[in-house]
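In the two complexes below, subunit A is the common chain; its partner is subunit B in one and subunit C in the other.
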Partner chain A sequence: MTFPENLKYTKTHEWIRFEDETTAYIGITDYAQDQLGDLVFANLPEEGDEVTLGEAFADVESVKAVSDVMSPVSGTVAEINETLADEPQLMNQAPYDAWFIKVTGITESEELMTAEEYQAFIAE
Partner chain B sequence: MILRLNICREKRTSASFDPYRNLAIEKYLTYHVNEEECTLFLWQNRRCVVIGKNQNAWKECNISKLTEDGGFLVRRLSGGGAVYHDTGNLNYSFCTRKTDYDTGKQTEVITRAVRRLGIPAQISGRNDILAEGRKFSGTAYYNSGDFCCHHGTIMVNVNRDEMSRYLNVDKEKLKGKGVASVRSRVVNLTEFNRDITVPLLEQSLIEAFADVYGITPGKTLDSAFFSEDALSEINNDAAWLSGNEWLYERPIPFTHRLEGRTASGGVELLLHVNRGKIVDCQCFTDAMDPCVSAVIVSLLKGTEYNKDAVARAVSRLPGMISDNSIVEHIRELLEG
Partner chain C sequence: MKLVFERSMPGRGTRYLPDLDVPVHLPDAAARQAALNLPELPETETDRHYTALAGQTYGVNNGFYPLGSCTMKYNPQINEEMAALPGFTQIHPLQDPETVKGCLEVMETLEKFLCEITGMDAVTLQPAAGAHGEFTGLLLIKAYHRERGDMARTKIIVPDSAHGTNPASASMAGFDVVSIPSDGNGCVDLEALKAAVGPDTAGLMLTNPNTVGLFDPNILEITRIVHEAGGLCYYDGANLNAVMGIARPGDMGFDVIHVNLHKTFSTPHGGGGPGSGPGGCKAFLAKYLPGKGVEGSIGDVRSFSSNFLVAVKALTYILSIGREGIPAAAENAVLNANYMKEKLKDIFPMAFDKVCMHEFVISMEKMKEETGVSALDLAKAMLDHGIHPPTMYFPLIVHEALMVEPTETETKETLDEAVSIFREICEEALANPQSMHEKPLHTAVRRPDEVLAARNPVIRYDFEA
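Up next is the complex of A and B:
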């Protein structure tokens, strides 16, 4: 399992990559995809939707389980990753390339972990 | 660690067989379960087809046949494939917090309960419970934040002819996204033990629930015990779960190919559908003037994807063309 240093991580196993202070990409971590198993579907929000810190913004389906994906920030969905609709397996194969949404206008963010902190967190 | 067990079971009045209300009660129980608590909900639906959250309704279910026979299409909150329910089926739900969620232990409640009734139950993979190689119980899951729900079906005495009547759809005609169902060989528990009934199985489940957790469950609840707030949340969710937006308008795009021959030639229609609407359409035919096929396309674009709406749209055609059979034909194709 890998945990790139340039990303931040959440306790609910999302990663976030800030482009600048108010713009970021969000996806699920290598640990999350490993725990979930083969992912077959992703429900994404639409461009223009608002996401809210601590609330679900998407969900994924794996082996009959639907799991919500939580947003670590509040902001506006500027872009969604359409390729996940055609190739949901990318979430398993390349979790850090398989971003779900690009969020702009970020107004607040939860306390995030570094790669090192996240690894310690999942080892607990 | 689980310290308290709750059981919820509605009195079997006609309202208790409402599939949308049952899902709404289950959702309420899931999102209001306390820490260190596990709620077992036992419920039954009247005739319906229940599809997974991310499935294409038209691809999984013969909706016209089902609704003509008084059945209901239901989209659940969990993943997986399509199943047929009637009152020969018993459903269970385990609602817990994430830290207390243990699918192994929860599944043991089911296997222990049916083994006690003489069923040689075996777990297959992560999701199915089989007897002599045939499936009588399927499971699925959903979770959000700290709240988890594990639910499943147990076939006691389901009408298997009806089951195949509604679940058999010519899937070649529909291509698109969404989670596909996996066919299984199924079996009713009464095929192993003729004396098994739903009440008997419920009793056995309640006993196994207590045994597996080593705790005596509290009083069995039904919605008469729910607060007004709880009932209003359940009513709202039941309305949402039975509404078109949830059932038909989810963003799961697909293409429906209709093909046939009229007296004057062949017709092929490609309906591109998303969120329950025909977003685009192509019509290929040698049976008529190409201008007419352009008109058909323009009439169908933006129409709701159901046979009544499509029939209304194409019925505006006859004035424009001499060959009425094409209109009839499109209707017939959709009926099939």
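Up next is the complex of A and C:
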């Protein structure tokens, strides 16, 4: 499992990559995809939707179950990754390339972990 | 095995339907331009096709079927005999009620018995299955708050151990779902519940015993907390088999319920059943029950009298086993589950190792970590031994879950055999983990590629291909 240093991580196993202070990409971590197993579908929001810190903005479906994906920030969905609809396996194969949404106008963010802190967190 | 379309013998013709003996006046625009694309097979071949399909299925009549939270109990033959009586089958829903009074008596009697068993004051037989019953019950809750002008009550509280249908039904009924965590015993966390209730609470949905097979000891406190906050309490009757005739949801403080005739009351479950999920409620909600043109009613949720013959079977079951048989069935269901649990717990780690109700949950998380053998692998291996696997990966709060519900209709001999199969598979998994990923070896269909099937589902026959 890998945890790139340039990303921040959440306790609910999302990664977030800030482009600048108010813009970021969000996806799910390598650990998350490993726990969920083969993913077959991602239900994404629409461009222009608002996401709220601590609330689900998407859900992912594996053969086993459907799980919520939580937003670590509040802001507006500027873009969604449409390739996930055709190639859900990207979430398993390359979780850090398989971003779900690009958020702009970020007004608040939860306390995020570094790669090192996140690895310690999941080891618990 | 070939699909029926692949068995078609072009030119043989079809004789599925008798010749039309009434005049047809269809405008051209509404008439089919081409014949129906039906397979052309003589009756012998059609019969063989479906007989071969039947040979590939597995049901309670084939063997042990411990599918947790599904109550796959034996369906007594007498149920089928009663449901086949011409007085029940040779009728029409639009017939003059005066001429079907026996059928009406069946429905009224069953409603009365279900009220008695659940502690409710009124029952509707309309809902066609469990989730439909939940949906109907939630509409009663909605109607109640709406009539009181309490429009702020938009939230339904559901524990994280709930059956997936609970949040789905609440969402279908237009509510927002609030999920609350379970406590360390798999029961409702009272503090989390207290924090979740408020003036926006429409109600709580709960299964008791819950999905880890435990009776929630705080049930009276739970329903009191919800009522004091102004919400109503919904009882998911999926696990009623553990307590029927012994404890009643109505006495636990529930206001609205559903029961599954196809689980608890021995009518066929799965394979199209069809199911039946009667809804019940306390008197103060009775006026909202389904019914065409009834003042205050939420309206019909199903046409006519729903799956009437299922009601005949359920009534037959209740009358066959009687007042003493109902609690005895529940007691034996609990006894059988505890017997199996005790016989397995030294090598199958129990998610909650305490006296269980009608089902128990194993967690294979440790085996998965140490050997790579998952709950799925073990379940697949059971198919080779001719038993149906338990429910897997549910409830979601238990990792690598196997949820076993033997039901009361299995003998000690069957349970002993199942226990020895479970143990044998576990030993094989520890000795030769790699072999488990290949299971099953001896079934008609080996291991389907579930991921491929989910990503690229083929859901209808392509005539062009």
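In the analysis below, the second predicted complex is superposed on the first by the 123 of 124 C-alpha atoms of A that agree within 3 Å, B and C clash if a C-alpha of one lies under 4 Å from a C-alpha of the other, contacts with A are read in each partner's own complex, and residues count from 1 in each chain.
By definition in this document, a contact is a pair of C-beta atoms (placed from the backbone, for glycine too) under 8 Å apart; a residue touches a chain by one contact, two chains touch by 3 or more.
Bear in mind that the values here come from a model prediction, so they are computed numbers and not experimental data.
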Clash or fit, subunit B versus subunit C on superposed subunit A: clash
First, second, both or neither for A:A65, with subunit B first and subunit C second: both
Which of subunit B and subunit C A:Q89 touches, first, second, both or neither: second
Partner chain in contact with A:F41 - subunit B first, subunit C second, else both or neither: both
Greater subunit A contact set [subunit C / subunit B]: B
Touching partner for A:A56 - first (subunit B), second (subunit C), both, neither: first
First (subunit B), second (subunit C), both or neither touched by A:G27: neither
Which superposed partner A:T12 touches (first subunit B, second subunit C, both, neither): first
Subunit B collision site on subunit C, chosen from 163-171, 289-297 or 433-441, when both complexes are overlaid on chain A: 163-171
Intersection of the subunit A residues that touch subunit B with those that touch subunit C: 40-41, 61, 63-65
Interface residues, subunit A side, partner subunit C - complex: 38, 40-41, 61, 63-65, 88-89
Interfacial residue positions of subunit A with respect to subunit B in the complex: 12, 40-41, 43, 56, 59, 61-68, 70, 85-86
Complex interface listing, subunit B residues touching subunit A: 52-54, 77-81, 126-127, 139-145, 177-179, 250-251
Complex contact set, residues of subunit C against subunit A: 393, 396, 450-451, 454-455
